[in-house]
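After this come two complexes, each holding chain A, first together with chain B and then together with chain C.
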Partner chain A sequence: MENDRPDGRTANQVRPLACSSSILHRAHGSASWTQGETKVLAAVYGPKAGTKKNENPEKASIEIIWKPKTGQIGWTNTLLISTITFHLKKQNYYFFSHCLGKVEREQVMFSDMSLLPCAINASSAALVDAGIPLKHLAVAICCSVTDSGCIMLDPTKGEEEKMKAFAYLVFPNAIVSVLPERPLQVGSEPMTNGIMTSVTQGAMSVDEYFHCLERGRAASAKLSEILRKNLGSKSTSEASKAG
Partner chain B sequence: MEAITLIDQSVCPGDVVLDVSTIANHTIKLGGGLRQDGDVISVTKSGTLRFSNPNKYWVQISQKRYVPQQKDSVLGIVVDSRSDNFLVDIKGPALAFLPVLAFEGGTRRNIPKFEIGTLLYVRVVKANPGMNPELSCTDASGKAAEFGALKDGYMFECTTGLSRMLLSSPTCPVLDALGKKLSFEIAVGLNGRVWVNAASPHTTIIVANAVMNSETLSGAQQRIMVEKLLQKIQ
Partner chain C sequence: MEQRLANSWRMPINDIKFIETALLSDLRIDGRRPFDYRKLTIKLGKEDGSAEVHLGHTHVMAFVTAQLLRPYRDRPNEGSLAIFTEFSPMADPSFEPGRPADSAVELGRVIDRGLRESRAIDTESLCVLSGKLVWSLRVDIHILDNAGNLVDAANIAALASLLTFRRPECSLSGEDGQEVVVHPPEQRDPIPLIIHHLPIAVTFGFFSNENLLVIDPTHKEECVMTGRMTATLNSNGDVCAIQKAGGEGVSQSVIMRCLNLAHAKASDITTKIRDAVEIHNNDRALRKIKRHSSAVAVDVGGNSEILKLKEEENFMECEAKPSGQVQSKDQVSKDFVGGPSSWDPYTECVNSDLLKASLASRGPSVPSKRKDSRCETKPKEQPQETKKDSSPIDKTLTAEQNNEGKTLKDAVKPKHKRKKKVSSQ
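Showing the complex of A and B:
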């Protein structure tokens, strides 16, 4: 029993994705990520030298500046900022001490729900564009649960209002490995089964949450593909012109 | 079963490129963009994986910012001067120090007076993580060897990948083709800065534009581009 979504997608389809990098001239790295009508532009500056007080010089430090499309930064946006900061710190925690202090600015271009996943995808691409050493990349997706218990991926704003709960899930990027027989292990589970960050809102049952995870993980393969294609084609893209 | 190899392919942070435990020759040299994670070598920056015999692996990356490396020749801009150092911006995370005595025949009596904004061609002497890099205007044996302030001319910025291509040997095709018809001076810094000087501004601009446009072109394409450019103006 598939519900018909207003734009004709099935429950498991994400909106059209687009990603472009090196679009800003002054930023050291930049990328924009579009999911349907939602578009986020991320710019990365860094690494910068110098530790501020209260910061561990062994760890990387990152500062996020978030600009919503309209209005001031209210509590919803503050939640987004802290989630992104937390997630990015986890992503590159292995750093050498000289890779300190990155400033990342995210500007919302169009907002049609699924903002946090869009922002995380944009920031992954922008960090790579800037040449910040990363342990691995992340792709993010939004899964929502309807009243009847169906799981829908990547809801739009219209669909969002009818959902009883949704979860933003961030998975590690699919990696290409020369060891096909032995997937990377973290503990006793293959790394591809891992999850990096999860933010949920609303109420859903434990089973529904696990369903969300499965669907999200399956869809993240497509996101990984787009991200990887965008990074790989950088060498053939237009050269950066001097200012 | 042939193991897939990622050499000469685009790689992305997180990709695993090598399993150390299965290699017969136990010494491998890792260049930029790679790190060891227990038994595997994985990628930290996106680029093209390269390998050179017998045992060197590295990721060829091209960025806007520069990571200071020892022995690199770079173009720096003087930002400030202290009693014992000039502070020089080399497009890295930290300002670099150029000791006032690091010149050929430099003594306390003949310290050069560099104004803020002076462009210098310098050599990186020390580049340790967490410390400001140290520069010098002499080569390893203490001679001046072309290092020092660059007067006149035009400086533009590019990516580190383009700088490396311009400095590769044999001579980069775009510079070769331009050099056959035009006469100009060029200094390339590995930190993504290029300085061009010629007798007329006209020639300077042609050279600068040709170099900027040549990043994504192959050797043959570069020569064709330069020919077309020169035909248009002559």
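Showing the complex of A and C:
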């Protein structure tokens, strides 16, 4: 079902995306991700010494600091922080020999909606810019369900209020491997079909949720292409500033 | 504790010596002379009251918001202004989240003093109901990248955002006039703040050798320098504030020299800020004309009729009439008063063709712009051009209404996903 959205997009279209990296000079890695009116700036500082009490020194850890545009952090934002923290911790890092903590810091520059997906995409790009070795990146998308049961991708603030439910979905990046024999499948399904994080709000039926997943997966394939194109064009001869 | 120590970065002694030695020959490590400012870029966001300042590599953002609150007891007629600085760990690995460091508090105080004590912002105009409701301004300054001289950059960002901030208009209603109605921006245009002057902060760095003095120190120079002073002046030469907190002692002659230098720099920076704000205001007015395309259509309709009438008459007269009509739209006329002087006949012909060809896909502002420029340059074109032009204008009127919904759609290509060029807002 194709509904006419106020800005003329179809139900499957995402707002114009822009991604730029290496914006900040002090940070080891930085990236900004813009989706329509929402803009998030993420900066990564490489490994810093010292561990917190309860953390395993053998495992990599990451610390997220989130700053909204104005005012103090409200409860909605704390939910976002915890989601990003949770999601990034679950990513599998390659082996690190020393105890590490990466500090990652997000700054909301303009906030419209689909803040969380924007932030996750920005943080993925920033981690790559810093040169942190990662197994795969994460791409995120927001799917919303209207009252009539249609799925719309990437709602804006105005559309958000009319939706009955929405889901933030985070998928792993599609891997394009140099080595052809690397298995890209987990079990019988390709890895990109796996879902890393899903945050839902509102009530939707199971079918609608699966529908969201499908749409989201398709969109994330395109998103990861854009991410790869943007990051791949950066000069690889520059030395990594982290650690 | 040990975490912080392990993270602190100390400058190597070689670098320190190099910087000081280079300064003895009036050379700075980034190639500037001692009294040069770095490249200043001021970007004003689309929403009112947001500014982004790049001073060299230092990157600062400021946002202004306003709220209706009770005034302070001892000042029932005045609104309030509060500055909040956010030294985010993004800017510098030594900035810790949570409790602001001394330098953060100092920065906030310096900017606050410059604005408040010098009465740069007219707080009495912020009063709505004396003793009950006043506008309370809040300026949030985010430091995104610390490459030295945060005070100056943050000050410029705060000023730029205050200059472009618009507060909603409110009126009194109710039986005894005690109820305040806040009008949303769609109903009534929000009003700008009354700012009397712009206090500009200029930071100086002192080194162990008394003769060495730099303006706008970079991060490395800040590690090397032994004293600093920030002088806040406006372009009239009034000293609004001076901050010298500890550090190396300097003689009075050096201080006077600094103040004179600061005056020159302040005038320079003031013009830059004003220029950026003016460009932003022009864009804003143009955007508003886009929004009220129905109002524009009326004017344009009137114009095209006049064009038809005057076709047979002397073309020089035609030039005067449309520009008189254009005066009613303030900003647009400003843009086109100077039109004929920089007129390129070839371009104008091409423009009208473009308009005809891309009628359905152009936003409403473009036809209005083209139409105006065509008005003014009409006398120089061939007579048959004008006949052709008036008909597309009429088509534009009807198409404008239909194009309203298409404006943003054109911004988004009909492909599934679209990557725009790198955004720099």
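Here is the rule we use: the second predicted complex is superposed on the first by the 221 of 243 C-alpha atoms of A that agree within 3 Å, B and C clash if a C-alpha of one lies under 4 Å from a C-alpha of the other, contacts with A are read in each partner's own complex, and residues count from 1 in each chain.
In this section, contacts are C-beta pairs under 8 Å (C-beta built on N, C-alpha and C of every residue); 3 or more make two chains touch, one makes a residue touch a chain.
All values derive from a computational prediction rather than experimental measurement.
Touch criterion met: A:16 reaches chain C, while chain B stays clear of it. By the touch criterion stated above, A:137 is placed in contact with chain B alone, chain C being left untouched. Touch criterion met: A:222 reaches chain C, while chain B stays clear of it.
In the superposition on chain A, contact of A:162 is made with neither chain B nor chain C. In the superposed model, A:24 lies in contact with chain C only, and not with chain B. Counting contacts by the rule stated earlier, residues 48-50 of chain A appear in both its interface with chain B and its interface with chain C. Within the complex, the chain A residues that touch chain B are 28-29, 46-50, 57, 96-101, 128, 130-137, 172-173, 175-180, 184, 227-228, 231-243. Against chain A, in their complex, chain B makes its touches with residues 3-6, 10-19, 33, 35, 40, 42, 44-46, 48, 61-65, 67, 93-95, 129-130, 132, 156-159, 162, 212-216.
Against chain A, in their complex, chain C makes its touches with residues 2-3, 6-7, 45, 47, 57, 59, 61, 63, 65, 86, 88-93, 97, 138, 140, 142, 144-147, 219, 405-406, 408-409, 411-412, 416-423, 425. Within the complex formed with chain C, the residues of chain A that make contact are 7-9, 12-20, 23-27, 30, 32, 34, 39, 41, 43, 45, 48-50, 65, 67, 69-71, 103, 105, 107, 109-110, 219, 222-223, 226, 229-230.
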